[in-house]
Amino acid sequence: MSTSRRTTAAAVAGIAAFAMIATGCASTPAGDDKEITLTVATFNNFGYTDELFAEYEDANPGIKIVHNKAATSNDARTNYFTKLGAGSGLADIEAVEIDWFAELLQFSDKLYDLSSDEVDGRWLDWKSEAATDADGRLIAYGTDIGPEAICYRADLFEAAGLPSDRDEVAELLTGDWDHYYSVGEKFTANSDAAWFDGAGAIMQGVLNQEEETLESRDGEVIATTNPVVKDAYDSVLAASEGLSAGLQQWTKDWEAGFASGAFATTLCPSWFLGNIEGMSPDVTTWDIANVFPNGGGNWGGSYLTVPDQGDHKEEAKALAAWLTDPEQQLKAFVKTGNFPSQVDLQTADELLAVTRPFFNDAPSGEIFADRAVAVTVAPYKGTKYFPVMNELQNALVRADVTKNMSPAESWDQFVKDVAALG
Amino acid sequence: MTTQTLSAERRVRRITFSHRLNRWDVKVSPYLYISPFFILFGLTGLFPLVYTAYVSMFDWHIIGGQGDFVGLGNFEWVLGQERFWQALGNTFSIFLLSAVPQVILAMIIAAVLDQNLRAKTFWRMGVLVPYVVAPVAVSLIFSNMFADQHGLINNTLTSIGLSPVGWHSETIPSHLAIATMVNFRWTGYNALILLAGMQAIPRDYYEAAMIDGAGRVRQFFSITIPSLRPTLIFVIITSTIGGLQIFDEPRMYDTYGEGGASSQWLTITMYIYIRAFGQSGGGQFGHAAAAAWILFLIIVVVGLINLLITRALVSSTSASKRSKS
Amino acid sequence: MTIPQRPPLTRRRRGAAAASNRPGLLGYGFLAIVILSALFPLYWSFLIGSGDSTTINRDLDWMPGGNFLKNAAAVIENDSVNFWKALLNSIIVSTVVSFSVVFFSTLAGYAFAKLKFRGGKGLLAFVIATMAVPTQLGIVPLFIAMSQWFHLGGSIWAVIIPALVTAFGVFWMTQYLSQAIPDELIEAARVDGASMIRTFWHVGLPASRPAAAMLALFTFVATWTNFFWPFIILDSTNPTLPVALSLLQANYFIDYSIVLAGVLLSTIPLLILFVIAGRQLVSGIMQGAVKG
């Protein structure tokens, strides 16, 4: 018995030793060696494919790229702040969404300076100004923006007696939000399906057309007192009663709704096209209409940052510059529909010629270029924007999806939750 | 005579020295043996406990670092949060919905397993299979089965004519779903522990009772349960401690990990996590530490209450008979 | 041990008693239902995991599709999930922690159970009390300590170190050893001149085997399936299996066939261990119980 105990002990000691060696090896930086591994962390879908990274690797021998994806911007944000606090664990390039970008900007001293002549003039002023910190350092490169159009199910439109050709649909839906809702009422009178997926998505569309919504420019949270927000809340929920499918974004039921035809239209920022294709691969009747209530709106849009805690900041900076170069961004647009934030590209011929086979060969380049021009308002998003918007979305879910509370009760809860954010 | 005395003296001295060594060995060894545990535990168990109390007294941001001293301010703040109380209520509800059926079911399973089965090991191993499935995995599986509109459970309910249940939208159904996950994982484990206790009960008792004419059920209540008292206490206490701490299952129950838009299934540990690292207003270590300490105190109190209840419910006469023999 | 005034229990009586203790169809039926409900979720995962992204939304087909291997390959090859790394990390962490917990718990348990020393009772009560300390309590200071003081953020040592000893382990071994080793055995060894450590090595350790094996197995499983702390301190380049699972869900949240294939893949190693060591575990329970 003691012999087997000894061998067991020896075996485990061996494993422990192996473990120490293995972890020790893993933690030595690879920078002194020939190959550098750069990690790129994105979320949802940036349109960066393995082929794209392979191109860069071929052009830059000695660099290997690993791509990590978080499912949603929420997860990416939690991870970013946790690892920032830990002082390690972030990727070499980290993607940031506009909604929590200002929040991150508070810690700009933990981000690497990305200023360079190479990228001068690449973006619209408002995009690159937002990415410059108080010391004048450019700490992020813009990737895409999110001009919105309307994606719709042509088959459901036809069945309800509405026009299904995309130009006709564009004409039909031209107008403001009330007009959008009234067309919806005509639809639901003749169909079992709902008009749109959920109140949450519509709220995003409505609020992104206003200048000051959840916060004032001097940094105060005004969400609970701002009449703009309350009016939007009331009107969206009133419309949702008859028109909403009652689905919350990024849930299983919501995904299933795209495939099952639970709703006829959805607000469609350009980065969303790839998602729709993934969620309803067997559906052939999705199409894009070159229209949006009140003309245009922007939802989302991201940046690439290089955290200061990384080991290969210069190489990461070069890669980030390459990824946000108009040529690469065009490829992303073709792949998943992420509309470029790069100025030159927005009017380029190659962009305007892009079509999207899944959506009945819709001319997505033209459509989103038109919608981008129609964007007149850049809403102010400060440091508390993300948490407050999160609570607002929760309020809408309570009233529209789970129907746990009436709109009034849910609003009261929202006011309390915003106060609790501290 | 002197030589003899001399050698006797020498012998005495030698015995004295090794005797002293021996006594030192006996005295010190126990402390040496328990010291690795206490040293490691001190570093990894006690230190966090104490340091959490320290952190809870400050304004402490995850990135910004240590801030001003606020004394009991964080505790006040947490106790004033509606969400905290909701989380507390949810935690207790899920705990009761899982612990009570679990212990009962585990007892029944153990009682059946205690009998003279064919292929004993197969049955006993079989009930333990869910234990090796990671809670994260269990949650991913079950949250899909319990999806509101397209889940397996609701599909089955509608196909037999019942109305679908809002597993993710309503509070109690979400607790039931999560409690099911917990029960799935732990019932077999607890059944085996109870089985071990049952196996220790001398067979003579049962045979004697049978000769006296007591039926199976009577035997169960008069012999099995009282004799199982220490084991039952152990199972109930560990279920309590574990049940009040669950995190994995409710966290993975949906993609957002916030416990639902109205905090339907938000548990205390999720609340702590979100305050410390998470989404709405996250990054406040001070608040999270205060909430963690409150949870600790609650566990201690509830554990003690459970201990007293179990001791009172399960009669002690047979247990003392056993200790005498 | 004997109950007075009962007729002596002859072998025939005992045999009759044992025979009547055999469960009927009801007993076996009940057990069969229990086992089926235990295995059903796994089977359901296999059904979905062998389909494609639309399978989960369709009505349940009781026969599996043919895609399991394809989906499993997608899981393993996914760069951001790092399956092999996660598997290796889980093996290392679980093995090291199990060994450590069992060894230190046996050592301390032996001392508490069999050795008389001042403060023994009090310290043991303290150990038991600490079982009430929730693991989540310490995450904030653990996080600060591991990442900011020791710079172990993202390393598996940040996961191993806090798990090296458990109060439960000490409690378990103390309970077992106090019953399993007759005091006379130790006395005999001491009288023969053995030192304390030799007594432990030759009397204590061998006697602890059944309970130690059980503790090792339980600790292994608990460490393997641990999610909360590794989720916080590790990142996607160096995960353990449960963390990798959550990353898989993040990467493929549209395609649940791949996620559930990954769930099964991550469960298989433990199932294998279970099949190998399960018998030992169960007999350990039975042995340990009989001794009592």
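Residue numbering begins at 1 within each chain, and the chains themselves are lettered A, B and C in the order written.
Assume contacts are C-beta pairs under 8 Å (C-beta built on N, C-alpha and C of every residue); 3 or more make two chains touch, one makes a residue touch a chain.
Please read these numbers as outputs of a predicted model, since none were measured by experiment.
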What are the two chains with the most C-beta pairs touching?
B-C
Determine, using the mean of C-alpha atoms as each chain's centre, which chain is farthest from chain C.
A
Averaging only over C-alpha atoms, locate the centres of chain B and chain C and give their separation in whole Å.
13
Centroid from C-alpha atoms only, then distance chain A to chain C, rounded to Å. What do you get?
40
Residue list for chain B, restricted to those that touch at least two other chains
144, 150, 255, 277
What parts of chain C, by residue number, touch at least two of the other chains?
56-57, 143, 232, 249, 253, 256
Would you pick out the residues of chain A that each touch at least 2 other chains?
71-72, 82, 85, 250, 252, 256
In their complex, what parts of chain A are in touch with chain C?
1-2, 5, 12, 15-16, 18-19, 22-23, 26-27, 39, 41, 66-72, 75, 79, 82-83, 85-90, 250, 252, 255-256, 259-260, 275, 278-279, 281-282
Per the touch rule, the chain C residues reaching chain A in their complex are 53-54, 56-57, 79-80, 88, 92, 95-96, 99, 143, 147-148, 151, 153-157, 201-202, 205-206, 209, 232-238, 247, 249-251, 253-256
Once bound in the complex, which stretches of chain A touch chain B?
71-72, 74, 77-78, 81-82, 84-85, 107, 110, 248, 250-253, 256, 387, 390-391, 393-395, 397-398, 401-405, 413, 416-417, 420-422
Using the touch rule from the top, collect the residues of chain B that touch chain C in their complex.
22, 25-27, 29-31, 33-34, 36-38, 40-41, 44-49, 51-52, 54-55, 108-109, 112-113, 115-117, 120-121, 123-138, 140-142, 144-145, 150, 152, 155, 184, 188, 192, 195-200, 202-208, 210-211, 237-238, 241, 244-245, 247-248, 252, 255, 269, 272-273, 276-277, 285, 288-289, 292-293, 295-296, 299-300, 303, 325
The residues of chain B that touch chain A in their complex are 62-63, 77, 81-83, 144, 147-150, 166, 168-170, 254-256, 258, 260-262, 264, 277-284, 287
